[in-house]
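Structures incoming, each one as structure tokens.
Two complexes come next, and they have one chain in common, chain A, joined by chain B in the first and chain C in the second.
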Partner chain A sequence: MSWILATPIIIPFATAVLAFLFRHGPEGRWLSVLGSAGLLVSSIILMLTVLDEGVIAAQMGQWPAPFGITLAADLLSAVMVVITGITGLAIAIYALADVEQRKEQLGYHALYQVLLAGVCGAFLTGDLFNLYVWFEVMLISSFGLLILGGTRAQLDGGIRYVTLNLISTILFLSGVGLLYGMTGTLNMADLHGAVQEVDNPGLLVVVAVMFMIAFGVKAAVFPLFFWLPASYHTPAISVSAIFAGLLTKVGVYSLIRTFTLIFTTDIAYTHTILLWVAGLTMVTGVLGAAAMNDFRRILSFHIVSQIGYMVLGLALFTPLALVGAVFYLVHHIIVKANLFLVAGVARRIAGSTELGQIGGLYKTAPLLALLFLIPAFSLAGFPPLSGFWAKFLLIKAALEEGGYIIAGVALAVGLLTIFSMTKIWGYAFWKPHPAGLEPRLSRLSARDRAALLTPIAALAVLTCIIGLFPEPFVQFATRAAEQLLDPQTYVQTVLAAAPEAGQ
Partner chain B sequence: MELLVAIMVGVLVAASVHLMLARNVLRFIFGLVLISNAANLIIFASGRLTPESPPLIAEGETTPALDAANALPQALVLTAIVIGFGLFAFALTLVYRAYQNLGTLNSDEMRVAEPQAQKPSTAGQVAEKQYIARDADA
Partner chain C sequence: MMNSIILNAATRLLVSLLLVFSVYMLLRGHNLPGGGFIGGLIGSTGFILYAIAMGPKACRKALHFEPQNIAMIGLGISLAAGVFPVVMGESFFTGQWIFIGDRASGDYIPVSSVLVFDIGVYLVVFGAILTLVLALEDEV
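Moving on to the complex of A and B:
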């Protein structure tokens, strides 16, 4: 059992070591693709096992829970690992044509794989302190990726990214310390029972808010998001895309995990804060995007705005709302990573991501225009694409709870999202290129074209599939939400998992 | 003992907030070092601080005495210190590189990534030109 849970972490780590050794030759980038494909396969095996058996858990080392190193996967963890595998592979292929050789020699592919390992570890761990360690693994590799190349903009954005994220980890760590002092355990399943017996519930809420702030910084919610639009548009496109797809979502995942499993003692207080945060995050993100004039900076602000929808699902805390949140997480990772990849191709053939300096893409590169329209409409929530169902579920959940204002806000933000997307469309695709350039896909070599467009097309097809056949995905999200709202199975499985012999 | 540590944590956090509110990025990094040590002390204190009773298990018993210090938070602190050390080494190098390249430590003057006016930075333009040149070569 334990190997199924451990492979999504081991494979990227092993790949990272190999990719580092072969960083000077072309082998490094192919190893990265191969490793990401291996990650995808192992994550699908994990998913099939979880679908079959419900929650699975294993103790690494020979110590039983709650003392051992617990790895656990329920449906939410499993689907997050699968989606990590999908985006990881897509962007590894894209990187074949996007990352310069100089960056490869500095160890781009090794850092990329360590990042994937950190993300998978965070999704699979069943222990709060280990979650902290996985966050650090993720952080340090993301630091490296962000400033690789060392342009002035990267260093500038990097300082904001590094400092604010470090503050968040320190808050997280303090929260872990205080929680351990109160309960004597850090195993998440064990904590579920232990927090009920804390004799000072007020202090527990304080710790809950510390975790909320720490994960809130990672998830880039209002008012803690400033590091994100300052840095996400500076590194290589593949780095922007993997950050945009996965990193903030680890924060959202951690929020969902801790605020459904551990901090449910004072829902009226904590989840009301989350509701306000959700609304304000949606609005500020979308308004920030409206003020931007750069392809990637618009998309960066939209990450913030979309995070609000996921937090909304958690804040409402009804079965339907959590279904919406899980669905939204999956949809958003695919769509947002894809939009960044499109921005990268636009930059390659038109010369910039600054909207004032590019244009004419619709006339001379209609295929790219189509590939942009699919994720852009999906992001804005057009039927029949995946974003429509995600928003539909969340807004329906809000209306059922009588949250007319928040439902109205969510709808209005959707409308403003369309505004931003039409702005990109108008500037980058419709208006003629200001320098008279004719941006054609044929400017790229055949090899680059294949490496850049295949992942974009694959992710776009995935969006369409989720949108056209939402039934199985919604059913899956429903089961995942049931597990989150009734964590008894999770708790029992983790605490009963026998330690593995002979590690 | 816990009270002393608690006061210590308070002083450290206050000092670090003071440092972090400065516009000088280097001061900010020093503040970060202080606040991370405050966090380490919190974990340390959460495992009971007892100078008199060592966490040893008496013969015939299976658990140590109830008021003995818990060893787990101390192990956690060690991990946190090591990780923190690595991160700060990185942060310091980053600040140094930024100072070399941007020529300032004032965070208000660091506006390359987010220029005030809506026009692209020169650094961005150079990068973009290299990008196009690369494709033209290919």
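Moving on to the complex of A and C:
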């Protein structure tokens, strides 16, 4: 069993090694595509196993829980790994035409694969300290990706990114230390029981808030989101896309995991904070987006605002709200990564991502306009696309709880999202190009066109499928939410995952 | 790079000593203080000294391989050591042991996948530190 859980981490690492050694030739980028495809396959196998058997867990090195490092997957972990596989493969294909040779020779593909390994590791680990290690793996590789190329803007964004994230990891580590001091364990399943017996519940809440801040920085919630719009618009498009899709979501995932499994002792206090955070994040993010004038900057602020919706699902802490949060996570990763990919194509054919300097895409590149419209409308929550169902579930959950104000805020933010999307639409697609340029897709070579547009189209189709046939996805999210709200199976499976000798 | 005859003469002696000592630290690390990480650090100090005395170019030449590649190959070795137990039908990173020699009389050498993992760590640390230091030396 243990290989099923470990392959989504091992494959990207092995690919990273090979891709780095072959970084001077074209083999490197194909190895990256191949490795990402392998990751997708292994994640699907993991998903099928979890669907079949429920929660699965394995002990590394046969050290029994709670002493060894546990890898565990419930439905939420499994779906996050699958989504990592999907976006990982899509962006690896996109990178074939997007990343310059100079960056490849500096090790772009190796860093990219290490990032994927870190993300998968964070989703699969069942140990808080191990989670910290995966956060570091992600931080190192993402910093490398961010500054690859070394322009002034990139270094500026990179320094802000790494500074704020280091503060977050220090808080995380201090929280881990305090928690270990109080309970004597860091295995998440073991902590679930151990925190009930802590004789100083006040201190536990303090630690909970430390974790909230640490993960909040990673997830870019109000008021800790400044690093995100400052850095996400600077690197290569494929880097922006993978960051936008996955990195903040690891923070959200960690919030959901710890605040359903461990810190549920004082829900009235912690989850009220989360509710305020969610509302403020939604509003500030979308206001920021409305004020921006750059394709990628608008999208970056949208990430912040959308994170608010996911945190809202966790904050309400009802079954339906968690269903909404899980659904939102999955939908958002696909849509957001896709929007960044579209922005990249727009830059390639129109020359910039600055909205004032581009235009005319609708007239001369209608296919791109269509491919933009699907994720953009989905993000804004138009029926019948995936974002509609995600927002519908969350707002329904809020109304059921009597949270009329937060439901109203969520709806208003949706409206403002449409407003800022129409801004991109109006400036980049409708308005004629200020320099009289006619941006056509045929300006790209056939090979580039295939590499750039295939992933965009595939992700758009996925968005439509989730939107048109939401039933199985909602059912899945319902089961995932049930597991989150009743972690008994998770706890039992992890603690009973006996070391398997000679299977 | 420093032009000092004393440093040059001392370096020749110290580099070989440091490298031997780093391997000693690597090997004793299984049950005593030491191991791949500290061994790699000590090994890299040898080459850093060499780079300071003879210049980064000579140091790269003495290394034969790019330090980045050394680090990555180390990562590959560590991974392989972790995956190997799966081939033997056990979970990842379970130590696998082979005893060369007569085990009953105590006259044997234990070899384990743990040691292979540590050698990988040694190379990762060694390569990563040298990548950083040589990049900084090049700028000057």
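One rule holds for everything that comes next: the second predicted complex is superposed on the first by the 499 of 503 C-alpha atoms of A that agree within 3 Å, B and C clash if a C-alpha of one lies under 4 Å from a C-alpha of the other, contacts with A are read in each partner's own complex, and residues count from 1 in each chain.
Going forward, contacts are C-beta pairs under 8 Å (C-beta built on N, C-alpha and C of every residue); 3 or more make two chains touch, one makes a residue touch a chain.
In this text, all values refer to a predicted model and were calculated from it rather than measured experimentally.
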item	value
Overlay on chain A: chain C relative to chain B, clash or fit	fit
Which of chain B and chain C A:2 touches, first, second, both or neither	second
First (chain B), second (chain C), both or neither touched by A:229	first
Touching partner for A:387 - first (chain B), second (chain C), both, neither	neither
Which superposed partner A:107 touches (first chain B, second chain C, both, neither)	second
Touched partner set for A:10, first chain B, second chain C, both or neither	second
Partner contacting more residues of chain A (chain B vs chain C)	B
Partner chain in contact with A:181 - chain B first, chain C second, else both or neither	first
Shortest span in Å between Cα atoms of chain B and of chain C, once chain A is used as the common reference	8
Chain B/chain C common contact set on chain A	none
Of chain A, residues touching chain C in the complex	2-3, 6, 10, 13-14, 16-18, 20-21, 58-62, 107, 110, 499-503
Touch list for chain C against partner chain A, complex	68-69, 72-73, 75-76, 79, 82-83, 86, 89-95
Interface residues, chain B side, partner chain A - complex	20, 25, 28-29, 32, 35-36, 38-40, 42-47, 70, 72-73, 76, 79-80, 83, 86-87, 90-91, 94-95, 97-98, 101-102, 107, 110-114, 118, 120-121, 123-124, 127-128, 131-132, 134-135, 138
Chain A - residues contacting chain B, complex	100, 129, 132-133, 136, 139-140, 143, 147, 150-160, 162-163, 166-167, 169-171, 173-174, 176-178, 180-181, 184, 229-231, 233-234, 293-294, 347-349, 351-352, 354, 357, 443-445, 448
